[in-house]
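These notes are about the structure you will find just below.
Per-chain residue numbering starts at 1, and chain names A, B, C and D are given in the order in which the chains are listed.
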């Protein structure tokens, strides 16, 4: 299929503009050919649900591994089987995950696959039918969350409203703003700006910033409306 | 434990020298704190077998994902659910995996977890008891391997002899040298040099170059002598 | 530790009474030594969270496989590689999963591990703080659920109220009562009786009927209060 | 498609004869509709490699879970979070897995998914090109295998010769015959008879006894000749 055949009034090219600069609290996954393929399969409307889940899970895993890298580590020395001393690093305890329903739940297994017994909380936010305001419907969090770093999971950000609301819940529970790390797959630039405006100390990790977010994610992953 | 207490005649510090330069066919995983932790747990002789397998599998997964990035991709355009055109990449077919027994087998599942139906061959090389020469005991390869790129799996390289022997088998089967990509976790500098001397076109991907290789890997992973 | 040392006023033995008879719509996993071990580790308060998740996931997988066996299959003939005709069975399409939050979500991955692209809906039911009545807070279901068989996931039943409420939601969405199959790990006899009283055509599959249900399940699995 | 259309000189129906009686050391997986479907997909020559692996892995998992049930358990009492005493069972330590190359290796991950840190040995047997006799080429076993129960993994048995040879290796290493449990998916009746004739105390667990064994298993699973 020739690209020019597709150029008409209702079709627009999505070209990734890599020029956004959102400062040091904004992190982007290193974009390799491999990552670009994962993004492409997720974007493609002709992808089957089975493939969609498989490729989304792979991208989630890479974002989770990179997210773990935003957590604190401390130096350690270990002894090898040949009695050498090896200067290494150890993960510090005191982290947890929190998924924002419903799409954020797709990231729970990826987190568990890297951190076998990490505590995973959950937040449900819905729009009030009358006022259209985002409302907290449900929140289940680790008891001592105020003392933990929080990997907040939400794969697609369009406006950023939901994540702002979730950060409100977390800070209401005494989580320190700088202890929140958002794990995200696709975001619009506006959403990053909104979250950074409200919560400048939150770390945002994503794999792609683009004006069009793949909002079908949760629906396709879970197969529900 | 204070580091200086450990300095005596039979204890040596393993400090990673990052200065090796092995040219453009040599690739090293990006070393983050997270990766350093995985390496540390694998090096530590006090790590339980269950933890060893869990952390090794995570490092293997990262090396496999980076290995896939060494394969060719081609540009593609896909249409998103909102009828936008998205410029992306697609993986090209025609790859396979080959593990070198026994430690290389630990990497098979990680490869399969990223490429569900990739063909996986296997090579067994052993030392002749009399001549001490590396000898091919067994080789099971995809039928059309000459036309494929080969992800050669071998996690620990000490001398490089085994990998050289495996590359001999592959080139005997008409695999082109530049189509071989070695997926490795830990290597000595000597092993890289030997492989590069014999097969300069082979791509080598590793996570650590260090004079001391963790030779207990296969034994600990599988629990056999 | 001697059993009799433990017999005192506040300690009671849990002995499984296998005499319950709940009729043909009630199914119990075949109880082998292996299954008994999984149940024991889940019941044991000294089990670590990592082990709890690992053993719970194994029991869930067995219940899911048995649950799939409650779905309809049809006869089929396939041809083998040696050109023989083999009389077999094929799974009929038209199923979905629905988890009841929060503990039911622990069963989603097990279902997905057996049915890669099955649609998975979700129901959240909470007690009204004033009236103490179970209230539907959230429901996300496959669009055509009325035409599907539903594997309803809820691992622990104490009173059965929550499952009754969930069945109400499903039948409100025109799911036929006989198309609901409850996948459960542990239930009290009272809960079975209540569900059967309200929905006699629902199939109930469990691994254990016992007056004391392990109500810590969700809390321990997810690590939240 | 009507069955009778297929009846001609070179096409034969495979109808499972369930009448074999091989005594108490022979165990067969409970055959449900679900298991029949797994067997059907594996038998079907039109199954894609991706599906083949997925369905084979599910059947392997069920055989492994049933295999664990052939191991010894001991009674135990645990205390529940509500301070009840629960009479349960615990798995006894002292087991290991041994796969017979190459098809047996397909069962290793299923075993590891149920027993995280079980030791897994490996045996390679090949026919001598001149004498056509089965010859041991390679054996890597846990050091203290004589004291262990052995889950011997080999999915397809046609003649039984390979398994007999593997049992010879194990008993040469002082494994007690009654401590060997063969985990198998498909076997011919002749193979069961041969193994039982040579090693009457070995436990054989399979999912299907049939005169025609699906000998393409290893080739299709790994994608090599």
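The definition used in the following text is that a contact is a pair of C-beta atoms (placed from the backbone, for glycine too) under 8 Å apart; a residue touches a chain by one contact, two chains touch by 3 or more.
Since we're looking at a predicted model, the values are computed, not measured.
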Fill in the blank from the handout: Outermost chain relative to chain A, judged by CA means, is D
Fill in the blank from the handout: For the pair chain A and chain D, the C-alpha centroid-to-centroid distance in angstrom is 42
Exercise for the section: Provide the C-alpha centroid distance between chain A and chain B, rounded to the nearest whole angstrom. Expected result: 29
Completion exercise
In whole angstrom, the CA-centroid distance of chain A from chain C equals 30
Handout entry: Junction residues of chain C, two or more chains touched
Key = 54, 116
Handout entry: Chain-level touch network, classified as line, ring, star, complete or other
Key = ring
Practice task
Provide the full list of chain pairs in touch.
Solution key: A-B, A-C, B-D, C-D
Completion exercise
Residue set of chain A touching chain C in the complex reads 48-50, 53-54, 96, 101-102, 105, 109, 112, 116-122, 124, 126, 137-138, 140-143, 222-225
Fill in the blank from the handout: The residues of chain D that touch chain C in their complex are 1, 3, 6, 10-16, 30, 32-34, 36-37, 39-40, 43-46, 54, 58, 61-62, 65-66, 68-69, 73, 76-91, 114, 116, 212, 214-216
